[in-house]
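After this come two complexes, each holding subunit A, first together with subunit B and then together with subunit C.
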Partner chain A sequence: MVAGEKVLQMIGISPLTAKKIKRFRSIRRGYWSLVVFALLVFLSLFAELLVNNRAIVVSYNGRLYFPTYGNMIPGSVFGLDYEYETNYRQLAKKFRAEQDGNWIVMPPVPYGPYENDLSAGRYPPTPPSFSQKHYLGTDTSGRDVLARLVYGFRTAILFSLALLAITYVTGIIIGCAMGYWGGLFDLLLQRIIEVWSNIPVLYVIIIISSLLVPSFVILLVIMACFGWVSRTWIMRTVTYKEREREYVLAARALGASDLRIVLSHIIPNTVSIIITFVPFSIAEGIIALTSLDYLGFGLPPPTPSWGELLHQGWTNMDAWWIVCSVVVALVLTLTLVTFIGEAIREAFDPKMHTTYE
Partner chain B sequence: MQKSPFILEVKDLKKHFPIRGGLFFRRKGTVFAVDGVSFSLRRGETLGLVGESGCGKTTVGRCITWLYKPTSGTITYDGIDMAAIHGAGLRKIRKEVQMVFQDPFESLNPRHTVGHILEEPFIIHRIGNAQQRRRAVSRLLDRVGLPGSAMDRFPHEFSGGQRQRIGIARAIALSPKLLICDEPVSALDVSIQSQILNLLLDLQRESGFTCLFIAHDLAVVRHVSDWIAVMYLGQIVEYTDADTIYKAPLHPYTKALISAIPIPDPTAATHRQVLSGDLPSPSDPPQGCRFHTRCPFKVKMCEKTAPSLQPADTASSAPVHQVACHRAAELAQRQDKQPNLP
Partner chain C sequence: MRYERQIVKFLICLAAVLIVLGCSSDKSDEQQHPDRTQAGQIKSGPVYPPFRAPYSKEGLPKNIKWLTNDSDPTFASPKAVKGGTLRLALLSFPLTFRVVGPDSNSSFRSAILGNQLSLVSIHPNTERIIPEIATHWAFGDDKKTMYFKLNKKARWSDGLPVTAHDFAYTLKFMRSPYIIAPWYNDYYTNVIDKVIVYDDYTLAVVARHPQPDLALKLSLAPTPSQFYGDLKDGFVQEYNWKIAPNTGPYRITSFKKGKYVEFSRKADWWAKDLRYFKNRFNVDRVRYVVVKDFNMAWEYFKKGSLDVFPLTMPDFWHNKTKVPVFEKGYIHKIWFFNDTQQSASGFWLNQDKEPFGDVRVRYAFAHALNLDKVIKTVLHGDYFRLEQGFVGYGDYTNESIKARRFDIGKVEKYMLEAGWKRGPDGIWQKNGRRFSVTVTYSNGGNTPWLVVLKEEAKKAGLELNLEKLDPSAAYKKILEKKHQAALVAWSTSLRPQYWEHFHSVNAHKPQTNNITNTDDPAMDRLIDAYRNSTDEQQRKKLSRQIQARIHEIGCFVPTFMVPYVRQACWRWWRLPGPPEGTRHTGNLFEPFDSATGGLFWFDAGAHDETIKAMEAGTAFEPVTIVDKFYCQGKDYCK
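== the complex of A and B ==
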């Protein structure tokens, strides 16, 4: 463990933080939740390799093709009689029938999130089927539910993380400024924020999405415009407290500039308080996007999203696999995030670390 | 320009903190933390500022280092009015006026290594390159009696006394001309206190800085000071040299403080003069003499008019002895008749 601490120190982590990380690791439920969640996020970043209608590798006439990323490969390349994108599932069947030494590796789930699988004689939504490789069935348009879930997760998590980054940076800067300078500046900004935070976000989004189709970025900007407020309060309070501590006074007595005091002294000592809110903010971001999509004011169709799936599930209760999949996925994700949040909160509890030796 | 013998002159310093509340932060009241303090400090000498907690002594120290802006009054450092300078000029003075803080657990950033903490003064004032700064830091550690290996360790790995040494090292890093010691030993163990005091005295002998030593313990202050000012509720009530204040205190408050010093002799007769009551709130100081609510010798006049700090008319040989008490002369005579008072 001593060696581990040395390594942490070398990459700029103080022993105080190292101690907190150690404590976090000892809270096993939270730690394993983080491992699982990080794995899910990591896998979702490479979802194209796992859930896709494009093959991972195609070996055709002695040449290897990697169609996953990059431009689409027309069917004629593989000796098919069409110029549009190759249907790799059918190509796989053809190769197997021909047995010419050509082979193809498909992702475990060979369906794309936008692809309607409308086979003859089957009417969507179709129930889960292993033989069709629709492990969670299809939705009302014949799209694979699992594919929509995976890509929807990626959208939600990226949205959430981007929202988190923007709101935290803004909130920390503004809150820190309020707490540090205080006085009239703080007073005015507080009142402005109070007015600002009383604007109903949902209505604003509904109004805006009735004027234009909200894209990922527009939605992000709107949410960020209103989301930074709550971070400001925490940051303001902790800065107020930290500013009066003697080590800050000592730095000021040495002639340190305000910027130096804030960046080198106040923020490193307050960030552990802010960190404890991060997992809950991620959960909030996911919930916000899902509810907007559910109401139809979120990302435009056919973007894969959990909210849209939830809506489908709700309106087609007899297709139980849709609603079940998305509800289980939501509950699982939010539970993981909450477990992580609780563990971080416990590990970073300042009462645990304020020891007067 | 002829240099004045005084490095620091404080004239009628007042620092009032507003108590705010309500929707629009209306001023509800005022804490008269420091209310008319004047003193001067000669180069190379040490002034001890004594008083119980809440009497405003720390505020005086923080006003002098310009951490607080005084409400009124002037602070003249080396002939320069502190209120008149800003920016680069203030930074230059900050280099020369340094502070040792009370709580060594609070005054060091827990996230920085000792090396980083001690390097910061040089970084702020852009002195030397990284290598020179590191050498300067190890010299500093050596001067305050800490091993060079301390550099890469964090404050929490040190004991209270060692941390205070780090705090002192930081304060003397830029070779200040004036050092404000704000109760540097009151958070420490008694056995460590004398080590730190001796360290401060040694450093003063080496570099000859002037020192304002703030403490609540007269015994500590006597050890290091040439002059002593006793504060009560934001005002100086008695000012004289360190010996006289022990031998011939005039103000009843000073007497009470002195009688509270424990005598390490169980057979010695103690005439402990215990003050009744608490320190009145500095947001609502008493009319007249501020000490009258607790003074055993008060008369009618004390409740009405506030005494000013006047040269005391005593037989003692003290060159300077000022006291703020209406009955000082009268009580001094009475004291002569009661030689058993400490």
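== the complex of A and C ==
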């Protein structure tokens, strides 16, 4: 561990922060939650290789094809009689039957999030089936629930992270400025923020998305427009406190500019407070997107989303696999995030460093 | 301190006054109705002297040829018996009992209007004119006048006879500015010209212009002048909750605002033995109970607090009925195929927006939509393919038109002809433009099948983008003709209406119903001829030609139709069938409608038997009636 601390110090992390990280690692529940969560996010970035109706590798007549990324490969390339995208599951069956040395590697879940697996006589939604490889069944349009869940997770988490980055950067800049300069600037901005934070976000989004079809970016911009507000208050308060400390006075006496004082003195000393809010903000982002999709004001169909699945599950309670899958997924994700948040909060608790052991 | 005390006293007094006022407002609610003797009981009598129109100085034309219809088949069952109460759900209490003026256009209005007979009606099976208040009618030579002889037995519910003056009063009433109903003001001025009274029981109604289907336009309903008198300011408020006398089989006898409305059968109704009314309108009471939520109404129904329930939605018919009350046969399911006008529902392609300027692309679009697969899978086979926009209009429908089916080969043929090529993503391309079409729609219930259509269309090289908007935003976008393809279902009328949807007069400008921007000289000629003709045979022929032309232009891709109703009823309800209803029946348990309603009756024996069986827990055979009487010989009926 000592070596680890040295490494941290070598890459420019202060001993204080290193101590916090060490403390975080010692909280097993939070630490492992972070590991699992990071792994899930990482895997979801490569979901196309794990959950997809396109094959990973096709070997046909001695040539290798990698259809996962890039343009679609028409069926005629593989000797099929159609010009549209190859159905790799059927192709795999064909190859197996012919035994000409052609082979296919399919992802573990061989269904895409948009693809409808429908055949006459079997009305969607269909229950989970291992033989069909629909591990969590299909939804009301015959799409694989697991595939929708995985891609929906990716959308939600990317949305949440992007929202987090935008709101924190804006919130920290504005909060810092308010706290550092104070006076009339602070007073005016406070009033503006008070007015701004009284606008009901949900209704604004509902109104906007009833007029135009909201895209990922539009939703992000709207949510970010209102999301930065809550961050400013904390930053403002802590900056107020920090700027009166001796080290700031010292820096000022040495002739450091305002920008330098804020960036290299105040922010590094206050960021630990703001960081404890991060996991909860991620959870908020996921919940916001899910509830918007649930209400039908989120991302347009057929984008895979948890909210849309939740809505389907709610209106089709008989199809228990839909509502169970999405509820379990939601609960798991939010629990992981909460555990991480708890651990960070504990690790960054300033009391820990003032008590005598 | 003193002032404070006084202020407190004043506030207490004020509060007391407010409380008293607040409480008494409930009472005054009951007292507001001068025609209610006790809570909920309503009586009414003549309030004003009846209106008298001047008699015409000219007599009836000499060569007048009176017509009547006492030979068309009846459609009620002679087995029907009187009695029982039908309990129905109402999603919200009506805002008024008026049928004109502000807030009157609620769904409850049809219950009140169903008890207001008109001069003549249309036979629901033969579509010929049948008598209602008039016994005889005649057509004028000018093609805009009809003469009527009234039934002398016809009575208002307050006992006064219905006379020709009451029809003249309808015109006066409907033209009055005090009713605050501009649409009616206009209709009864610019469509109906005048009512001529020859004697108390003979009249003529004259239209402004010669018209086809004159009887549909000129069959007025009488208005009780003894009830309304001379209209004045404040009509709208004064008549909000007053019960007007009517001529139909039932009248409102009690109601409680926000809770229920009860109609009772008139025991001595003047028309009860007339040929087309005999054995109909059998239940003694019809009670509309307010149940504010559809799913809640379903629970009420299963508990036996409501008598009938609509099951047209697939989920209800297939899944939600798998419960003991159905499986034990206490509730019956009925699937009744009618043969009535089908809504023109489908994709309306805007020819002013690329790529739909090219007819070959429009054809290709139609062939790229795999609607049959959607019907067979996502829609559980419950819907049927609509072949064209005007199905169910009898001889006005061109049965030879068949909608374009999913066919990748034909898509390729048309697209190659039009100079398009498949792009690297499999979607057709031309001059850097992809064959990508945005579908504007507003009903979220369409999404499950639209996403399937989207995936299937990719195979044919068409990319569909789904644009679900709020209903008003979608409506605005479509009427401003800013859409590419709009998923719209139009309401129906007795005869097909073409001018508003396909005439070039309405093309290329906002706020008209020509949402395809159809601008075709041949179509204009046909539509003008159709509108100007008063000859029925010629109109039917023109109608079929217009439909063929619409199909050629290819600006409308029909989707589905629902040529049936599905309902559930408790097993003590009896229907006349088979056939269980009429050709135009949209609700087998419609209690009032003078053309198709009131055919069912209450079987007291079966009721007691059912109640006993439910108490004992014994079961009957589950019953599902499928009645295909009116769809015999049609493709979808097999």
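The criterion applied here is as follows: the second predicted complex is superposed on the first by the 352 of 357 C-alpha atoms of A that agree within 3 Å, B and C clash if a C-alpha of one lies under 4 Å from a C-alpha of the other, contacts with A are read in each partner's own complex, and residues count from 1 in each chain.
As a convention for this text, a residue touches a chain if its C-beta (ideal position, glycine included) is under 8 Å from a C-beta of that chain, and two chains touch if they have at least 3 such contacts.
This one's a predicted model, so the numbers in the text were calculated from it and none came from an experiment.
Asks: Clash or fit: what happens to subunit B and subunit C when subunit A is overlaid?
Replies: fit
Asks: After the fit on chain A, how big is the angle at subunit A between subunit B and subunit C, using C-alpha centres and going to the nearest 10 degrees?
Replies: In the superposed arrangement it comes to 130 degrees.
Asks: In the superposed arrangement, which partner chain does A:G285 touch: subunit B (first), subunit C (second), both, or neither?
Replies: neither
Asks: Going by the contact rule set out at the top, does A:G171 touch subunit B (first), subunit C (second), both, or neither?
Replies: After superposing on A, A:G171 lies clear of both subunit B and subunit C.
Asks: State whether A:L211 touches subunit B only (first), subunit C only (second), both chains, or neither.
Replies: Once the two structures are laid over each other on A, A:L211 reaches subunit C alone.
Asks: According to the stated criteria, A:P110 is in contact with first (subunit B), second (subunit C), both, or neither; which is it?
Replies: Touch status of A:P110: no partner.
Asks: If you tally the residues of subunit A touched by each partner, is the higher count for subunit B or for subunit C?
Replies: It is C that touches the greater number of subunit A residues.
Asks: Is A:R245 in contact with subunit B, with subunit C, with both, or with neither (first, second, both, neither)?
Replies: Once the two structures are laid over each other on A, A:R245 reaches subunit B alone.
Asks: I'd like to know which partner A:N269 touches here: subunit B for first, subunit C for second, both or neither.
Replies: After superposition on chain A, A:N269 lies in contact with subunit B alone.
Asks: In the superposed model, how near does subunit B get to subunit C, counting Cα atoms only, in Å?
Replies: It comes out at 28 Å between the closest C-alpha atoms.
Asks: Once bound in the complex, which stretches of subunit A touch subunit B?
Replies: Listed in rising order, the residues of subunit A that touch subunit B are 14-17, 187, 245-247, 249-257, 260, 265, 268-269, 355-357.
Asks: Which subunit A residues qualify as touching subunit C in the complex?
Replies: Against subunit C, the touching part of subunit A is residues 71-72, 74, 82-85, 114-116, 118-120, 122-124, 140-143, 210-213, 296, 300-302, 316, 318.
Asks: Which residues, counting only subunit B, touch subunit A once they are in their complex?
Replies: Its residues touching subunit A are 24-25, 62, 65, 67, 90-91, 94-95, 97-99, 101-103, 105-112, 120-121, 124-125, 154, 156, 159, 167, 170, 174.
Asks: So in the complex, which bits of subunit C are touching subunit A?
Replies: 315, 319, 373, 376-378, 380, 408, 412, 422, 424-426, 444, 447-452, 454-456, 458-461, 466-470, 472-473
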